[in-house]
Amino acid sequence: MNNHIPETGLSFERVVFFSDAVFAIVITLLVLELKVPHLTEHTESSLRHALVELLPRVAGFVISFLIIGLMWIEHHRIFRYIADYNLGLLWRNLLLLLCVSFVPFPTALFSENFWSRTAFILYTASFGGVATAKLWIWRHAMAANLLKPEITPEFAKRIARQSMAVPLACLLAIILSFISIILAPISFAFIPIFARVLDPTSKKSKQESATANEEAAA
Amino acid sequence: MNNHIPETGLSFERVVFFSDAVFAIVITLLVLELKVPHLTEHTESSLRHALVELLPRVAGFVISFLIIGLMWIEHHRIFRYIADYNLGLLWRNLLLLLCVSFVPFPTALFSENFWSRTAFILYTASFGGVATAKLWIWRHAMAANLLKPEITPEFAKRIARQSMAVPLACLLAIILSFISIILAPISFAFIPIFARVLDPTSKKSKQESATANEEAAA
Amino acid sequence: MNNHIPETGLSFERVVFFSDAVFAIVITLLVLELKVPHLTEHTESSLRHALVELLPRVAGFVISFLIIGLMWIEHHRIFRYIADYNLGLLWRNLLLLLCVSFVPFPTALFSENFWSRTAFILYTASFGGVATAKLWIWRHAMAANLLKPEITPEFAKRIARQSMAVPLACLLAIILSFISIILAPISFAFIPIFARVLDPTSKKSKQESATANEEAAA
Amino acid sequence: MNNHIPETGLSFERVVFFSDAVFAIVITLLVLELKVPHLTEHTESSLRHALVELLPRVAGFVISFLIIGLMWIEHHRIFRYIADYNLGLLWRNLLLLLCVSFVPFPTALFSENFWSRTAFILYTASFGGVATAKLWIWRHAMAANLLKPEITPEFAKRIARQSMAVPLACLLAIILSFISIILAPISFAFIPIFARVLDPTSKKSKQESATANEEAAA
């Protein structure tokens, strides 16, 4: 248990704090992509026209904000079940943060080129990268016995299976984008279905098992 | 009480910390809109002339800084009375942070186009959005029993009524801007009057009730 | 004692945390002013030439970094002696943070126009503003009885007197800049002399009094 | 022990928190250097072509992200063994943060001019500066008795010796760059060898000594 600490010397709280700060900065940097339009003539109609042209970027800002917000919630959800850490977990977490901090670039690229399959793939891949890194963190925590003792192996496996839903949906979206870029986003609607299929036990045992684990982890 | 935790797995402290970080970043990003002027001739008079032209942006920086500072104070004020949270509160808080992080854009837009009704409306609407999200958070906390047990329903209702003053003033300012953009900001002077009208009991019972609640919440 | 809390509802820790975050962001944003030069020909000599032209900006970056670092140390120094807060302290602190977050602009302006008296005055005034806000916070904390009970009135007055040294030096530098912009920075060398003159008791009683106060405050 | 506190008045936790925030901001600002390309014609092939041209910048982003991540881990590693601080430690830590916050500039410069020896030297020197500041912090902590009482002098000296590996490798890379810029990065592969040579005792005594120190420090 004590063996991995000499490698890192970080307190676990600081890892989570550092991650929180990166999430907060990235989510706030997104607005910098909304550049104030420079008008050729100073009239209401030309300003309104310029703002309408900005709408894809505003949509990109709002969507990316909400997705990063969701990822932040997910990040905490798994870190709440983790009791300990090692150097392997740290690097996997840095990889997750690398994907998070990369998000403003494909957001700007895609909102400026929403006709482009390349931009859509890069956008989807960066969020898929965060979800995959999260899955990797969880699998590492399971394998290296870093979970809280109250987490049952069954519950841990279920989260691992559910965590495959987002990477799979991103992969499907990228594949579908080669057929039609308008069809591709539909695959994200499959995330709850994937989660159900990947974890068939969830229906009956979710209620009591989750509650039991939560009570133990609280 | 325990039912909503499995959905999120976030500790309440982290939610407040994350919100603080977003407020701090946004309030600091505002200065980035103050671009150093590029002079055609390097003389004191041309520099001073260029700085005078920057004054509307400096005013926008100072005003937005103070308004965001006020919102940060308000954000903490209501979160201090909240004991617990659920996924609904998290999403409402993310919506509030979305409005906060959007502020630098209308600030830059309005300080560059202070003649424009469209820019004024966007500027007012973004601050109105923060105030509305705050009201929504509070109403949700009341409905979902997330308030500290010492908070009386009467006190909670009073804060809900007072919290309607800023959204109403923003709405009035937007309506007035269609008559005159110079008149419109006057509506913000109505905020204390609105707060008084919306909460007629405040006059007599404010003193003891607030003190009682505070003592309980401390 | 309890009277001011209803106005704000902020925990004192959060105020300091928020201030720390603003300091950290501002100190890091300074580097954004160092723009990578765009070369017309891609040779070592043209790159080196472009970098030499950047030296005033690099100097501005380093100097502003160190001054903000010093201000951060000073900010904590006084907040360490403060036990309580009220709305007046919050607004004075927001004013200090406003001056801090403004610093990147005059830094960029002055490092691009180091020949300009106007730029020098703006640069000096922004740092003088932080120091004046700090003095204002301290005087308010003294007047409103917000200091830790162990702080003797004598010790509090001494810090108030010493805190006048930096604003005075900034004022002197601005006045001197009308005679000669090269002479003006010399006034900063007077800060320790001002501190000595403003607080003539410091020589003999500093040692025991400071130690006593620190021990009490620890 | 108490003697240095009056100079600063900072709590040690805040120093680490402030450092964490600077690291988090710098690591996130790196992405801002990835500017969305402006296309002359809106086709997939022209977008893909523009993205391929961005690859050196993306590589610079990823490499700098990982190096700063590693430095953050190293920063915490040594601060975990430090029990106390003084003004000298604060200024050395500010110097380290100055080097960290400078990193985005040489990263952008080098990824745009990867043919340039000057850019490579600046890039290497900024990371070497962080490593040298870390070594300086550690030596100061040793000399001023700021280490935790459980840290043996032998263990402290070993970390000091190991900490010389990165500055030496950076120095070697800069020297080698005058022969060949392609050869120069090889010197970073020598870091583990340098660490072994500088600390010949590490092989046999590392296991028990590190464990003993960790247990004491935990």
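Note that the chains are named A, B, C and D in the order they appear, and that numbering of residues resets to 1 at the start of each chain.
The rule is simple: a residue touches a chain if its C-beta (ideal position, glycine included) is under 8 Å from a C-beta of that chain, and two chains touch if they have at least 3 such contacts.
In this text, all values refer to a predicted model and were calculated from it rather than measured experimentally.
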Mind listing the chains that sit against chain C and also against chain D? none
Quick one: compare the interface residues of chain A with those of chain D and tell me same or different, with half as the dividing line. different
Angle of the C-alpha superposing rotation, chain A to chain B, to the nearest 5 degrees: 90
Which integer distance in Å separates the CA centroid of chain B from that of chain C? 27
Cα centroid separation between chain B and chain D, in whole Å? 39
Shared interface positions of chain D, touching two or more other chains: 17, 21, 25, 29, 32
Between the chains shown, work out who touches whom and classify the graph as line, ring, star, complete or other. ring
Between which chains does touch occur? A-B, A-D, B-C, C-D
Name, in rising order, each residue of chain D that touches chain A in their complex. 16-17, 20-21, 23-25, 27-32, 34, 36, 39, 42, 44, 47-48, 51, 61-62, 65-66, 69, 72-73, 76-78, 80-81, 210-211, 213-215, 218
Per the touch rule above, chain D residues touching chain C in the complex are 2-3, 5-6, 8-11, 14, 17-18, 21-22, 25-26, 29, 32, 90, 94, 97-98, 101-102, 104-105, 108-109, 112-113, 115-119, 122
